[in-house]
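Consider the two complexes below, in which chain A is the common component and chain B and chain C are the respective partners.
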Partner chain A sequence: MLVALVLLAVAPLFLGTYYLGLLTISLVYGVLAVSLDLVWGYTGIPDLGHALWFGIGALSVAMATTKLDSFGIVLTTYPGLGRHLAGLVIGVLVAGAIAAVVGILSFSQREADPFYIAIVTLALTVVAGTIYGQLPQYTGGDNGIFGIAYHGLTNVQWYYVSAAVLVVVAAGALVLVRSDFGLVMRSIRDNERRVRFFGVNVELMKLIVFVGGAMIAAGAGGMFAMIEGFVSSQLFDFLFSTQILIWVAVGGRATVLGPILGAVGLSFVTAELSSSSPTQWALFLGLLFVAVVVFIPDGVLPPIVRLFRRVFHQHGAQGGRQLVDVQRSAPELRPAGEPVATVSDVEFGYGSLRVLRGVDFEILAGELLCIVGPNGAGKSTLLNVLTNGKVPMRGRIDYHLQHDRLAQSGASIHRIARSGVARKFQIPHLFDTLTVAETILVASMRGALPSVWRRTRDVQVGRSVHEIVDATALAGRENDLPPHLAHGLKQGLELAAALSMRPEILLLDEPTAGLTANERHVIGEVFRRLLDAGVTIVLIEHDLDFVARVADRVIVLHGGKVVESGTPAEVAASPVVREAYVGTAVT
Partner chain B sequence: MNLAVEGLRAGYGSAVIVDGISFEVPDHGALAIVGRNGMGKSTLLRAITGYLKPMAGAVRVGGRSTIGTPTYRLARMGVVYTPQEQSLFGELSVEENLSVGVGGRCPKDLRDEILSVFPVLGERLRQRAGTLSGGEQKMLTLAKALAMRPEMLLLDEISDGLGPGVVTVVGETLTRLREQFGCTLLMVEQNLDLSLRVADRVAVLKLGSIVFECESTEPGLREELTEQLAP
Partner chain C sequence: MSLTLDVLFGVGSLMLIVAGLFLIFGMLHVINLAHAGLMAVGVYAQVSFRGHGIPFWPAVLLSALVAGAAGAVIEFVVIRRLYARPLDTILATWGISLVLIQLITLIYGPGNKFLDLPTVSAIEVLGTPYGTYRLLIMLAGATIVAALGLIVRFTSIGLTVRAVMTNEALARSHGINTIRARQVTFIVGAALAGVAGALLGPIQGINPNFGATAVATAFLAVLLAGRTLPGLVLSCVLFGATQTLFARYVNPVWAGAVVIGLAVVILRFRPEGLAFRRA
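Now for the complex of A and B:
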């Protein structure tokens, strides 16, 4: 890193005018690449039209500093710094505003396909390139606008300005991606659906990053116009958008420095190839990309970093996170016995299949309620409908939480999670690049807006989380990634994450599946203590011995309806349960 | 078809998860491997089936070394593996899932035979597999494996998420599969009852090595195993 900075500082001494100019512009491209890396690399928003924001910044500077006639011929130029800067600022604001509108429209669609934004941005960049030619009185038409460079700085001065801007942007980006905010960005990229159940407002987070990325790109575009002195439809179009994507992908997605390397390196390679072999350069470039994709799919930077670490025996600069115990005063919860949730006559299904056919029950504060029933009875669907905000086909669900009374129907997933309803899924859904401690950290934030610069090293967890971590052999593996964890450990992590949300109601889908008898025992004890603290637990479970040991009340779901309810002993004696659990089909 | 594993070592990156494991499952035999979480059970199966390239050691199926044999070739040899997570085609229907491994439409008599084991699947032939409940997906996973008429079946925690009634049925089915078709079984399990009922040998995996192995009819084995599995 230091070497790179020194090289950056002394480069003008060794480079001729041509290469210095090329390097200056490629540093501006570096800023552009970083902005896309934040949006696409870290947050997983596939912005296929990132050039649009760059173009808007450049055009804004051009419009602020020139007067055009109706054919797009420049009549007057205003060389003053004031107008240039005003154009740049306006460009940044306009790009931010347009990005906000695009983002609000594309992200806020419930359950929107993540590729929705890809189509929208792709369409926008194509449309922008076309419109550009149609409005010569504003844009200069097909010729673009020339002669708008700011001449108040020499080439060398411009070089240092670009370098300084890039260093500041890159440093800011590095701080951001290592902060808690960056962690939540990655969690959205890895598993957008899951992180909603941790209370994260995914739409808002994506909007912030998308708008921020657009504004940085527009700033880079404004600088480009001031240095190069022209703007044309090429700065808006799809080809340039693709090029930015390639810089990021080749350099190394989600590394900040990789995309800069990609932008600078490829700018030089392109310039060299196009001058040495004017006809075949595009072919060579194409082959280079194919080679990178085939041989180093992570991009150029990650293997270099790995090699460096191996040679110098260094560990990741990021350092690990650890879990630390905190004593929390017990939260105020509703008095035991009062209903915390009422499910009335709920029907729900998928397509033509009706899974729940009129389910009625109450969840009482401080109880442990078990839901049992044969496979396919609708148990998981019931938990889904309790937490995912989908409006049931009939009936309603109401929560009466301590600080929050809400009707489930129509509330967003993160809203339900934030008000104190935590959930563990039947099949672990975790985050590929989030370590055990990081997963627990994101869950424990419970949707609070994370700091953009602070990096939490000590993840504060309550006693129950620690016990689960110890019992399921997760202890000592706080910095391991889920793909390296055995199935049972993933189950343990799911449970620990749900507990770290400090929930008022804990909904657990088969918490003991994949766990050994001993682990089950510990979990049973943890449940008992949570109940003593006033937490309400609802769990789906097949192990009837376990149910008999921990449950206060059991409801039996069969064929989409509650067919029995009572104490474990009462329910165990019921014919439906006996038949279901002996394995004969119940008709 | 027998399975012989010698000095198998496997892991991810620099982490060795399975360290020098040797065992043999004779033709028509059934071995259950039990162990706590994170001891390398799934990794072992992945290494045997070629999903994960072993670092060292030998795997022989029917006397033939299969290290480096692509997984699809093993499947064609009759070695069928059901991974613990995600082995269905969520967008395909139940019926299509049954047909995929067969390489064509699943013959009707075979299909009916399989569905008689899991009647609930028969009611849902046209339903997309992804919309089945967790337990039903597990049933379909096993059904899909059965449809391939395996000569050797490698099961990764097949009982996980199944109701006790269904687990009983699964146990009976596996036993019949051995008796009628001479299928060789290697099962990784948490469920001791199922393991003892189906397998004729049981092995305990601890920290990547087999620390205990014996006949499943051994008296007092259940207590012994419970002891072994305690932390």
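Now for the complex of A and C:
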């Protein structure tokens, strides 16, 4: 990287005016590429119309520095620096505002289609291109606006300004993606649904990143206008948006440096070849893009870096993290027997299928409650409704937590999670690019807004998390990635992550599935200790021996209703339960 | 009356364009942004075939085959590897569209081409004369969509389609060759795009970017359809009507933008689109 900086600094000495100008603009494109990488590469938002923000920035500078007649012909230019800078700032703000509107419209929680934002941004850029020609009095129409360059700086000075801006933006981006904020960005990209259950407000985070990316792009657009001196509909349209995507995809998604190389390299070559054989070059770029997306989705840079590392015997894994103890005073325990959640006459289903048909029960503080029942009774659905805030068809669920009283109905997933309801899923849903320690870190943040520059190396977690980590042999593997973990370890990670949220209520869906007898014993012990620490546990279980050992209370679900509740002994002896398991018609 | 016919034409031509997209999206969950490129393939194939003196309607069939062949290649080389990565599919098909457009530019040049209408006559519809060809396009659009619906609902092929659509793994375990099913679906969808291109060629300007402008509207119509056929009809009616009326009474260029804006807002508040499932 140092080499690159040196090269950047001395380039004007070797390049003629033409190439220097080309490189200057390429550096501006580099800034643009970084902004898309943050939005798409790191957070997973497919902004197919990123050029729109760039164009807004350029147009804003043009509008601030010229006066047009109704046909779009330039009447006067105002060449002062103040005007240019004002245009730049306004462009950034306008782009941010429009991006905010688009973001709020697009990132909604319930059943959000991941395609939606892609199509919306694509549509926007198509629309912008056509509308541009329709408003010549603002945009210069089909010809665009010329002569808006800022002449107060020489070519060489502009080069250094560009280079400096790129270095600052790249450095800032690198700090951001290495920070805790960057970690949450990646977690959203890897598994948006799951991270909500850790309390992360996905909509807000996406909005912040999307608007930020748009504003950086607009800044780059403003610089472009000041250097090149023109703006036209070409800066808005989908062809340019595609070029930016190609830079990021080919250079290497989620690397910051890859997209810069892609932008600088490809735009340099494009400028050379597009005059001689534009169609062949566009064809080649298209093929390259498709090839990269299909066969090398990580882009060109990461394999090169890996090769580099191997050649120079460098081993990555800088920035490993570890789990440490947190010194926390013992929480005040609630008096046992107080309800922490009440489920009243809840009916819930999917379409015409009624799964829960009037469920009534309470979850009491400090108890271990097991929900059992034959398949199809509605146990998983019940757990779902408890955590995802979907409005039941009838009835209500209320939480009476220590620091929060809330009704379940219509609450967002992350709100429920933040108030102290943690869930461990039956099938581990983890994050492909987050290590064990990083997953636990994200969970332990419980949705608090993460630092944009600090990188937490020591993940502070309570004793129960350490116990799970030790018990499931995760110890020593804090810096491993989920694809390298066996199933049992993934289950352990799921449980550890749920516990690191310091929940008041812990909901577990078949926690012993896939565990050996010994591991079940250990889990049972961990649960007992959690109860002592004041956590209320609700389990769905099929292993009735396990239930008999650990449960304080059992409720039996059958046909969408609670047919029996009591101690394990009472329930085991109940004739109603025997009928349910052996099989009789649902009444 | 002529306004009504114009609106119906807008709806019918949109249905024609959207049919192939809908099939691919509904069956494969793939947003096929190569649709624009495939439409261009269809229309340019038509130009070539007509240039060799082949009569109009057989040429349309041949153009469909050409587009279907292109679809087969695309499915084999690209789409097949991306079923697990839906967002990458959008990008890859977008790239493919660009590739197709550039190839067409290389072979045919960037200038405009023209296709003659197969018939310039007009028929009287309830007292208003209207271009026969435009009526034929409306008929084609409605027929294709209706045929899709009937095939899916009432034939064994349709049953296979529905099985693969709802639960692919289970369909496979029943002995259905899902790979073949996906392949055939993509090819048929591509061929339908070719038909749309070939049929709309005589009416619209033909250049390598043919269909690119209709793409955004078409995709929003498909998303709005919520993967149900009645939803598709509804969204085509909504879009086609809005676009035609807006173009007639306000401004043709803004019409496209307005329709897009409408779709974006509806989808925000009703992510399942215009699908009305029996509750």
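Definition applied: the second predicted complex is superposed on the first by the 551 of 587 C-alpha atoms of A that agree within 3 Å, B and C clash if a C-alpha of one lies under 4 Å from a C-alpha of the other, contacts with A are read in each partner's own complex, and residues count from 1 in each chain.
Just so we're on the same page, a contact is a pair of C-beta atoms (placed from the backbone, for glycine too) under 8 Å apart; a residue touches a chain by one contact, two chains touch by 3 or more.
These numbers were taken from a predicted model, which means no experiment stands behind them.
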item: Side-by-side fit of chain B and chain C on chain A, or clash; value: clash
item: Partner chain(s) touched by A:A517 [first = chain B, second = chain C, both, neither]; value: first
item: Which of chain B and chain C A:G286 touches, first, second, both or neither; value: second
item: Contacts of A:Q426 with chain B and chain C, given as first, second, both or neither; value: first
item: Touching partner for A:Y350 - first (chain B), second (chain C), both, neither; value: first
item: Which superposed partner A:S380 touches (first chain B, second chain C, both, neither); value: first
item: Partner chain in contact with A:L122 - chain B first, chain C second, else both or neither; value: second
item: First, second, both or neither for A:S26, with chain B first and chain C second; value: neither
item: Which of chain B and chain C A:Q243 touches, first, second, both or neither; value: neither
item: First, second, both or neither for A:L485, with chain B first and chain C second; value: first
item: Region of chain C that runs into chain B when the structures are aligned on their shared chain, from 3-11, 165-173 or 255-263; value: 165-173
item: Chain C-contacting residues of chain A that also contact chain B; value: 351
item: Touching residues on chain C, where the partner in the complex is chain A; value: 31, 77-78, 81-82, 85-88, 90-92, 94-96, 98-99, 102-103, 105-106, 110, 212-213, 215-216, 219-220, 223, 251, 253-254, 256-257, 260-261, 263-265, 267-268, 271-272, 277-279
item: Interface residues, chain A side, partner chain C - complex; value: 44, 46, 48, 105-106, 108, 110-116, 118-120, 122-124, 126-127, 130-131, 133-134, 238, 242, 245-246, 249, 279-280, 282-283, 285-287, 289-290, 293-295, 297, 351-352
item: Complex contact set, residues of chain B against chain A; value: 12, 15, 36-43, 84-86, 119-120, 127, 131-136, 138-139, 157, 160-166, 168-169, 190, 226, 229-231
item: Chain B-touching residues of chain A, taken from the complex the two chains share; value: 350-351, 353, 374-381, 426-428, 472-473, 483-489, 491-492, 509-510, 513-519, 542-544, 580-585
